[in-house]
Amino acid sequence: MIPLYLAQFGMIFAVFGLLLLSAAVMVYSERKVAAFIQQRYGPYLVGPKGMLQPIADVVKLIFKEPLRPLSADRVLFFLAPLISATAAFAAFAVVPFGAETTLFGLLAEPISLQVADVNVAVLVIFAITSVSVYGIVLAGWSSNSKYSLFGALRSASQMISYELSYGMSLVSVLLLAGSLSVTDIVNAQAGMWFGVIPKWFVFLQPVGFVIFIIAGVAETNRAPFDLPEAEQELVAGYHTEYSSTAFMMFFLAEYINMVTACAVATDVFLGGWHGPFLPLGFGWIWFLVKIGALLFFYLWMRWTLPRLRYDQLMMFGWKVLLPVSALNLIVTAAGVIYFGY
Amino acid sequence: MLLLIPLLPFLGFLINHAVGRRLSKTASGGVACLAMAGAFGMSVVSVWNLLQMPPADRGIVQQVAAWIESGALVVPFTLRLDPLASVMILVVSGIGFLIHVYSTAYMHEERDSEYARYFSYLNLFASFMLVLVLGANFPVMFVGWEGVGLCSYLLIGFWFTKKSASDAGKKAFIVNRVGDFGFLLGMFMVFAQFGSLDFQEVARQAGHLQPEVTFGAISIATLLLFVGATGKSAQIPLHVWLPDAMEGPTPVSALIHAATMVTAGVYMIGRNAVLFSAAPETLAIVAGVGVATALMAGTIGLVQNDIKRVLAYSTVSQLGLMFVAMGVGAYAAGIFHLYTHAFFKACLFLGSGAVIHALAGEQDIRKMGGLRKELPITYWTFLTASLAIAGFPFLSAFFSKDEILWKAFSGGHTVVWAVAAAASLLTAIYMFRLVFLTFHGKRTSAGPGEHAAGASLAVARDDHASVGGPHDSHAHGHASEGGHLHDAPPAMATALILLAIGSVVAGYVGIPAVIGGGNQIEHFLAPSFAAPGIEAGGARGASHAEAPAEGPVSHAEAVGEGGPAPSGVDAATEHRAELTLMAFSSGLAVAGIGIAWFFWRRSRALTDRIAASFAGVHRVLLNKYYVDEFYDAVIVSPIKGVSERFLWKVFDAGVIDGVVNGAGTVVNGWSGILRRLQTGSMRAYALSVFVGVVMILGYYVWR
Amino acid sequence: MGTELLVFYAFAALAVAASLAVVLGKNPMHSVLLLIVSFAALAGLYIGLDAPFAAVVQIIIYAGAIMVLFLFVVMLLNAHREDEPAALEAAGGLTRGPIRTGAALAVVLAAELGWALMKARGANDGMLSAGAGADAQALQSVRSLGTVLFTNYSLAFEVTSILILVAMIGAVVLAKREL
Amino acid sequence: MVPLGHYLILSAILFATGTMGVFLRRNVITMLLSIEVMLNAVNLAFIAFGRTQGHVDGQVIMFFVVTVAAAEAAVGLALVIALFRHRETLNPDAFTSLKW
């Protein structure tokens, strides 16, 4: 029998490892998907089908020389990547990815498959995302280069703008679930309607889901909203001046943010680990499947859609997304009151 | 209900004042007339309701709002309709309406905006007059009192571009101020005496007073009130403004300075009949002043040459007669005369207006004559009214004036009676002098009618142009028509005819008992002159100034006899005496007409010779006894001197300006020092706040 | 028990240190970031006070919104360091006087508050140990909070929303280029 | 269990620190930051009291304070920007034209 706190520690390390792994997988799959879409081979030399390519990248990056502009703000320049990476990892802490389990009887009482079950988990996710802005902003500002600065300003304003819609679409789900704890939200989606349609909120909140996905993309600075690192305009955006490990951290942060966003979307809209055909114990498989699908969607978008112009981005965020989400929220509230959901 | 009566004209005023200048003449005139018609209708209805009540306690009260309430002084804004008031509102709204109609034609040459302004003022006057009449206590009456004063000022100075007009307006206003001051003081004394300003209450308390034998508080109060009355009603010594008031448009003279406003003084005394009855001294003075005024005005009227001024003086003298009535305690008679007078004097003024209108603003009767054929309607109506005012038998004034004379005589005031009789003789004379000079004989000078006298017409027109008179427009208008004069247009004609009829029949509500018609109006009015609580007959007693010693007690017994007969005199002799007097006064009227005919129809030459031989007297009369000059010398110029030499040069320039500038310098200096605190550094401000915080907290900690 | 006190001291020390650094630091950028740190510390304290919602809101609004705003302005105006005192004296008089007094007074204020609180402690020891007789669940649950917010404080809530609106408009108008 | 007094003293210290900042700093932005510090001190006191009294009103007040802080920051910073445009400095003592 393993004592509980050991299990918790194990959980933390497991999540950490999994996230790193997922980042690696994402790097690889991104290249592969890109290649597939652009009808190339993509990486195929390193390892079978180039599967070890990510490791090669990491090694390369680690052995690069860490550069720092002379006029950079030493402390912040060093701090920025840490902040974004930390934030990225921390956000996942409150995201459950499986039903409560005893790990096949290894544990005395079952533990839920997440690092920390906070009763305001959703808000925590928010808090951390909002903090993760600083990583980028500081990076841009501290490296004291105009490209970086512009990237930082852009990403900051972009994230603030889209955070509102992000939140509102989420709140409409909270109304339905009646709880701020992600686990409760997921469990609220267990079961089926008429035995066929799974009780996922995506079916109750189609608009909310769409908004959530779009805003999520904007939050993670992915294409078509990747203005902070718009290569054509500002060399590489906020991490222009970064190299080697620091750069790797931003890289990592971006992918992990993606994974987190998709995980949250899965938990909140797609019923998390709930799904047909599988016993609850193996719900995490469902979870992985759904997350995978969403991630593929991200990559797909990136390699398909052109980048928006900055003014278009803002216009869309404030004049389309925000009103629609507000409307959606109001309608949902009315519905909740009417049907007493 | 009652409120509506003054309210309608006020609305008319608001409308015409606000949007009048955008309205067409028809519209604004229509609004004004409609408002008056409405007021008249309302008055008729409410009077009708009043008549339904039992005679003893006729009275409709409407409290509009609580107005002034401070300690003992409680003055609600209350309207009260009683017989006296009902007579007045009928006169005001009815004749007012006719004059409005008349004005629509008379003022038609004015510009639209002026037209609207005129009617808005006229409406405002009507509403204030009605408030004055309906007010149930002194302050409310005073509101109306001041209001009509204001309106008369506005309307006299209506053609303010004309200096004489605006001066006349100011004069009227200032002279009235003197009277109003008296009125105010009287009001205060009344309050001091009775602790109330409500007419009913005052009358109730006064009814139980023994009439003052010596000159006491009540006498002073009533005397002060009477000063107010002289101001409004143009009695000696405050009569000077009325003749000048003729500068205003003629309908205004008819409405304000003949029919309604100038009678306010009489009305006010009637309203406080019981109070005045308690002060025989005052009553005596009232009678004296009245008779003096009547005589003086009559004499002046004899020699004036301005048609309107003659009428003005006749008004003054008629008012004098009314005051005589009040003075001898014949309140009913006074009000009766007031009411008849309203008709024929309005008619006369409107007639003169028609003449002036026709003669392109000509007002000098020496230049008129022979208008009888050219202005038949005007002539006949004017004639009727003149007969009426002259007291020709069985026309309105015959009854009312005789009533007054009889009351004076039977009251034992023989002197008063004699002078009043003389005055009425004079009335007849100057009225018919007017008639003859205006309408008979041949035109002695240019009217626009004569082609030959175009030159003199030009002269006439010129001098009007020089005074900037409003009637130039008439002149042009008629000159363009050339040919004959045209008679009054329909609107004016209607008013004239109706008023003429009125001046014939108005008297028949008051046929004295002796010729078999129990004096209804007297009985109708009686309750208003009685102290509430004491029944109607008490008024007849209370109105006997010659019996002050006997208090309300004897009045009560006087009720038994009723009728006009005073207590303790044999009815038969009474009747004989009254009939003789009646015959005598109608004789006077005829005689007056005859004299007028003799002097101004038969032999003008003789007249002029007489005038020449008595040049001094003639001049004195022509200059109205030099009263204006006297006032100017005694009052106006000293005041001017003082205010210029001391008040302005010393007090204002020295003291007041000194104080003001001193204050300015002091403030300036201090702020010069204090402004140093405004350092503009936000940190300093924050510091000051913070120091305060620390101190307060410290106090609480170490307390 | 010991741990709780320990945690408290840790967070408190962090908060005070960060705030002092904010106040004393010369670089606005650093000040902003340190302020965020102190907010985080306070958030931790809030959790200790059974107010997780408050803690999270603290982070979201303060760190996530307000501070980003500050950051923006600092970056926009590119004010690395504040001007030197000498320059200030030149710019416009009386700096030192208020500065010194103000600092001194601040210390006085701290002393006063401390004293007052000590007195309070002496006065009522009953309510001292945080959480005495307080139902942790009720405090933590967002639901009860919302209930109170939308019943007792509904008016205040609405007024606040208006305030926010006004502030928004005002900010836009003020910051527009053609002022 | 942490005594209430600790929290209150902490908030007192923070408040004093904030005020000190208002006076020490020569930079409008930092002054605003100091004000934020003060507000937070107040928030802490509120929540601590609420916790002791065992009802959530403390937190509610805290929310209002936060809202007001947000509004204040928005307007204040807008002002700062406007000032900077005209004066090219952030030194509060440079904005002394509004005197005498």
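Per-chain residue numbering starts at 1, and chain names A, B, C and D are given in the order in which the chains are listed.
Throughout what follows, a contact is a pair of C-beta atoms (placed from the backbone, for glycine too) under 8 Å apart; a residue touches a chain by one contact, two chains touch by 3 or more.
A quick note: this is a predicted structure, and the numbers were derived from the prediction, not measured.
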item: Chain occupying the middle, per Cα centroid; value: D
item: Gap in Å, rounded to a whole number, between the CA centres of chain B and chain A; value: 97
item: Separation of chain A from chain C, taking each centre as the mean of its C-alpha atoms, in whole Å; value: 30
item: Interchain centroid distance [CA atoms averaged], chain A/chain D, Å; value: 34
item: Chain centre separation (chain C, chain D; CA means) in Å; value: 6
item: Residues of chain D whose C-beta touches two or more other chains; value: 19, 22-23, 93, 96
item: For chain C, residues contacting two or more additional chains; value: 53, 57, 65, 72, 92-95, 98-99, 101-102, 105, 109, 113
item: Residues of chain B whose C-beta touches two or more other chains; value: 679, 681, 683, 686-687, 690
item: Chain-to-chain touches, reported pairwise for every pair that qualifies; value: A-C, B-C, B-D, C-D
item: Chain D contact footprint on chain C (complex, rising order); value: 1, 4-5, 8, 12, 15-16, 19-20, 22-24, 28, 31-32, 35, 38-39, 42, 45-46, 48-51, 53-54, 57-58, 61-62, 65-66, 69-70, 72-74, 76-77, 79, 82-83, 85, 87-88, 91-95, 98-99, 101-103, 105-107, 109-110, 113-114, 117-118, 120-121, 127-135, 138-139, 144-145, 148-149, 152-153, 156, 160, 163-164, 166-168, 170-175, 177, 179
item: Footprint of chain C on chain A - complex, ascending; value: 73, 75-76, 118-120, 123-124, 126-127, 129-131, 133-134, 137-138, 141, 149, 152-153, 156-157, 160, 163, 180
item: Complex contacts: residues of chain D adjacent to chain B; value: 19, 22-23, 92-93, 95-100
item: Footprint of chain B on chain C - complex, ascending; value: 92-95, 98-99, 101-102, 105, 108-109, 112-113, 115-116, 119
item: Chain D to chain C touching residues, read off their complex; value: 1-10, 12-27, 29-30, 32-34, 36-37, 40, 43-44, 47-48, 50-60, 62-64, 66-75, 77-82, 84-85, 89-91, 93-94, 96
